[in-house]
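Okay, so chain A shows up in both of these, paired with chain B first and chain C after.
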Partner chain A sequence: MLDSLALAVSVPLIGALLVTAVPGRVQGLGLLAALATLATVGLVTAEVWQQGSLRSDLGGWGAPLGISLAADGLSAALLAMAALVALAVSVYASGYFSRGETETHFWPLWLLLWAALNGLLLAADLFNLYVTLELLGLTAAALGALTGTRAAVEASLRYLLVGLLGSLAYLLGVALLYTAYGTLDMALLGAAVRPEPIAGSALVLMTAGLALKAALFPMHFWLPPAHANAPAPVSAALSALVVKAAFYLMLRLWLDVFAPLVTPWAAGLMGLLGALAVFWGSWRALRAERLKLMAAYSTVAQIGYLCLFLPVLTALPAGDAREDLLVALLLMALTHGFAKAGLFLAAGLVQRSAGHDRIDDLGGTAQHMPATTFSIGLAGIALIGLPPSGSFVGKWILMRSVIESGQWWWIPVILVGTLLAAAYVFRVLSRAFNLEPTPRRFVTQARTEVPALLLALTSAAVLGLAARPLWRLLGFEGGL
Partner chain B sequence: MMTSLLYGGAGVILFALGLWAFLVYEPLLRKLIALNIMGSGVFHLLIAIAERGALAPDPVPHAMVLTGIVVAVSATALALAMGRRLEDDDDAR
Partner chain C sequence: MNLDQLLPAVIVLSSFLPGVFIFLLKEESHLLRGVLNMTGAIVKVLLVGVMIWGVFHGHVYETRLTLAPGLDLVLHADALAVLFATLSSVLWLVTTIYAIGYLEHSPNRSRFFGFFSLCVSATVGVALAGNLLTFVVFYEVLTLATYPLVAHRGTPDATRGGKIYLAYTMGGGALLLVGAVWLQALSGPSDFVHGGFLSGLHPDVWGQLVAIFFFLLAGLGVKAALVPLHGWLPQSMVAPAPVSALLHAVAVVKAGAFGIVRVVYDVYGVGFADALGLLTPLGILATITILYGSGMALTQDGLKKRLAYSTVSQVSYIALGASILGPIATIGGVVHLVHQGIMKITLFFCAGNYAETLGVHKVSQMDGVGRRMPWTTLAFSVGALGMIGIPPIAGFVSKWYLAMGAVEADAYWVLLILALSSLLNAGYFLPILYRAWFRPPPKRWPEEHIPAGRFETMGALLWPPLITAAFCLVAGLFAAAPFSPLEWATLIARREYGP
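For the complex of A and B:
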């Protein structure tokens, strides 16, 4: 019988090898591999939906020697989001890159990144997580430098170095954990970890390393230049997926592995950093001169929102309220994934058509490219958190839980962040609408505009209206 | 026990030295060497904990070090390639 978990990692990997071997047909083979990967991810999600969680030992070798893969509701939901975003990015890339060198370099790296991402979401032990984390960092840095301009190479080199520093800190934490408990399996570690100094040091090292990779304030300095200078499809993948992978791992560690160690103070510190990220990221997004830079700073702010959940999750006892909050966290992460990918893809089209992406000179974009402007608007709805987007439901539950757990001081953060998000989104939209003539056609280039539009639409309408299955996927009873 | 403590402690010190050098020095080559020293520190620690007295050494940390070396080599190569690209740019001006 075929193992869906192994397929989800190996199919994009085989695709990467194929497009490297046959550079003449990269586009067709690449799109084929993207569709096949989406199918395998769909299989994983369906199996998790039916069975709750999956685990497989590759080659029949279990822990500690073998490599195990595991999936539960959280990883399946992120896996599915990543696959949908990645398919949209693939279709967009096939229309965005002109035939030539850039295209033959893009596809192998892109499929390799996808394989690393799937591996990270499915890995069941800490060392394989390290390997996939490094693979993700290497491919992401290489993709970011794809245009070969000086600014892009400089930003990607800094991204690479910072990422290496982060993963070495993580690796030292892994070594400490192995010293203390003699296992790397997350489930076994979760049962064995006790509150003692060596586990505490490991938690600090791993969290610091991952926070660096997830660009949590004040370690976000590398993100805006790296994401803003990459080609549009790459920016979309970096901002929507790669940063979130590091956050996913951090969440796993805090909730599953180190749960007995997490004190309210430690979680409060993460919340504080998250709050500062919301303020700083939103403020810089509002002041940004370029559309892609605005989108990149907005990612800094959105990672901040995700960290705001940590102190509230720690404070709530196990039960319905905590389960709702976990779903809300997932909903925020998924919505941001779709919205930010859509926004970056649309920004790339604006940049290509106008020759620049200076927000102040965007006049008439709405008239020239109605579908693209509509995508930016829809993605904006999701970034602000207006109904019916998924982030509206997410923020709503977060506010409710904040009040229930008595930590009212997070509320002003959410309110100010939302207000600033509204300001930076409307700043772009107001500039886009100042030319008079009527639009000729809604969609000008279907292959690139439709993926961006669909991603933005998913973030703004679908996730909020159809959030209920997420409860079921995570194995919870409740719902809205 | 004493030897493994010595080796492990040396590994942690190497990691700290590498971290310091990475943060302090600007040139790319020095940063890369610093990162590799940090990595060697972690590998040191892993080799030290593999020792189990009379028993055969634990193979898992050894496998981790081997994988880690492969990762470190590829990361260094990519960083050097990017650094060279930037230098070629400078020369062309």
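For the complex of A and C:
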């Protein structure tokens, strides 16, 4: 029997094979596969909504022998965000790439990346996670080098090597766990893990590997050049989704598998790294000369925000407050996904229209592209965390929990990060006002501008005002 | 969901939706844009009228949207909310007419009017906000909607003014956010309520409450232009005149002052705030601001800059009223919310008319403008005399109640401040009036854009200041009539101090 979890992974995979087999119709088939994937993801989300969590054993072989897929509220929400972002990226890509070699290379890799991402979010055991993580890293690096410029190839090669190093560290941790406990299924491991040196070493190794992949400060050095030099749709996917996948995995390990091992000190260290990431990423974003580089550094800062949640989550006892905080974390991650994708897509349009993306010289470009400027503005609102964006609600709950758990020292971090974000966003937006002649119409190329605008709008207005279903999706009180 | 639950949301959306459509319009669609603008403005005024009637008769209008557990977006129409909502929606209607005339030939009108509409939606949202979260949301949206208006012209000056504006308001917004979140962590989710909701908290956290008050005050004080947080206001004078009018009289500055009133009366409760010792520092800040603003206004030659410093000074009367414990002072402060609005918007309209018609930007160029533009100058004179506090203009009523309230509360130093400040007001307004009416006009005006025809300037520019000047007179002359600002302020004070 075909179940929705298997479909969510296999449909984009089949799509990838199809576009490889029929390179002549790559665009139509690619878009079709994107729509079909979105439909299967919708199915998974609907089932999680109704049943709470899903699990399926491929071929009837259950753990610890076979391959299992599982979905709960956390993975379903990320899956749905990824699917919506990926659909927008697909539509954008169909208008962005001119017909030719780049396009025929883009689609198979892109669908493969999507399949890997869905696989990662649905995998139920640590080894399958390794496989999907590796596949994700490989396709991402290949996509990043798509333009073929020297800078892009260099950055992507570094990305690839760093990714391999990260996966290796992760794999080493997996091997340690397997030796100690004889299983790799996350649910079984979660029950078996005890606070002992071997589990601790595994946690350190796996976290280090994933932090490298998630570009957590100070292991972020590879991200800005890789994300800034990729073609715009790829940058969007890398920054919004791929980095998020590594963070998701880290979160799973810390909250589910290794929960008994996590000490306040360890969580505090993650929070400290997060705080440094917020400062450093925001500062570099403010100093960045190019729009896409700014967006890339902003991702470093945003990953830092997500890490700030860890010490507070560890400090709170199980209950409503902790559940709210967990949803807030998810909400921040989702908002950043939509916002950063929208920002990169818009930046791509600016770059194509002006021929460059040097912020100081943008001047009239923004003026001629109202829809694109709006996208940057709306995505900016979400990145700063201004109302009514999802990150505003997320930040509010985070700050409230920070005060309630007595860890008030994170407040200045959040404030400074917010103000720096405002500074780098408005540094770009202030270029939109000048004495250039009036633009004639709001939208010039719907196929590329509308997806960017919709993504940004979702992050800035929809997620904040309609976040309540997330509580229900995660099975918490306070939902609809 | 019935109509009473929808009305507040509809009032906010009545300018938001036209704003969104205006963004999408082509630049050449003058007519459609004008129709959208005016429809939004008129519908809003009518709906607010319905709300006034309902609130007076005890209807409860409340829209509630739960964002997350404990985080409710609440729009609630109480008497104070309705006062501010009426002020902003009526003045918006007038300003829209003015802006359509003022920006007739300038570029980027779709962008301008789009943000203009968003700005008023945000202001009405601030007015109707039923708890601190909602207040913060709309307060920040207001910042976002006004920034493009300040930077609209795109000149290096405008860009700089916009940057300074943002730096101040974003910083203030962050502090306000901390205060609001901290308060929620202590008190749980609470709606605004007459007399406040904090006096029941354990005395152990009173120290924290004091700290929170200063966070909130710092956040609100930026927009209310309390010294030393006022620096953005004179800089943002680069904006087009209708924007200055809106910023000063209706939206931004007023949102800050309104927030202070809300925090004092409906979060802390004025009695509890007094018990915590918060009113004295607020009063001192307000006093310093009143005197400093007036003092600075004396030295400005730029007409709009002089008016800007006058705003710095005048808005603090509202804070001053809130800092005195007693119903009469409350009436004086709250009613000044309206009176300062109608007087200052008149003055800015007139300043815009001088600049747009004759190219007169400076006080020193104003010799004899009264002969060339008598009606505009008449309106200006009404506004200026009202600011000084000459009866029977609205400003006199505010100052009278503030003074009476001070006597009632035994705060005699306030009388001294009021007298000194009125003297300073006279010091910077009367020379303008003297020049305008009694000095001979120059042979040539700096840049005469609009020749004298049937009217002294375009009708769309002339009528708005005349209408608002008439408001100033009516609000003063008929202060005791039902539904006058004063009567409404009395209603608010009665509910705040009531049994």
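A few notes on this one:
Please note the rule applied: the second predicted complex is superposed on the first by the 475 of 480 C-alpha atoms of A that agree within 3 Å, B and C clash if a C-alpha of one lies under 4 Å from a C-alpha of the other, contacts with A are read in each partner's own complex, and residues count from 1 in each chain.
Keep in mind that, in the parts below, a residue touches a chain if its C-beta (ideal position, glycine included) is under 8 Å from a C-beta of that chain, and two chains touch if they have at least 3 such contacts.
Being a predicted model, the structure only gives us computed values, none of them experimental.
By the touch criterion stated above, A:L160 is placed in contact with chain B alone, chain C being left untouched.
By the touch criterion stated above, A:L171 is placed in contact with chain B alone, chain C being left untouched.
For chain A, the partner with contacts to more residues, out of chain B and chain C, is C.
Touch criterion not met for A:D72: it reaches neither chain B nor chain C.
Legend: residue contacts after superposition of the two complexes on their common chain; A:D324 is shown touching chain C, with no touch to chain B. When both complexes are overlaid on chain A, the residue A:R468 reaches chain C alone and has no touch with chain B. Residue contacts after overlaying the shared chain place A:A145 against chain B, while chain C stays out of touching range. Of the two partner chains, chain B is the only one that A:E134 touches; chain C does not reach it.
When the two complexes are overlaid on their common chain A, residue A:D57 makes contact with neither chain B nor chain C. Within chain A, not a single residue is touched by chain B in the first complex and by chain C in the second.
Across the interface of their complex, chain A is touched by residues 23-27, 65-71, 73, 107-111, 133, 136-138, 140-141, 144, 147-148, 151-155, 158-159, 162-163, 166, 170-171, 173-174, 177-178, 181-182, 184-185 of chain C. Listed in rising order, the residues of chain A touching chain B in the complex are 64-65, 127, 130-131, 134, 137-138, 141-142, 145, 148, 150, 153-154, 156-157, 160-161, 164-165, 168, 171-172, 174-176, 178-179, 184. Of all the residues in chain B, the ones that touch chain A in their complex are 8, 12, 15, 19, 22, 28, 31-32, 35, 38-39, 41-42, 45-46, 49, 59-61, 64, 67-68, 71, 74-75, 78-79, 82-83, 85-86, 89.
For chain A in complex with chain C, the residues that touch the partner chain are 320, 324, 327-328, 370, 374, 381, 386-388, 392-393, 396-397, 399-400, 403-404, 411, 415, 418-419, 422, 426, 430, 433-442, 464-465, 467-468, 471, 477-478.
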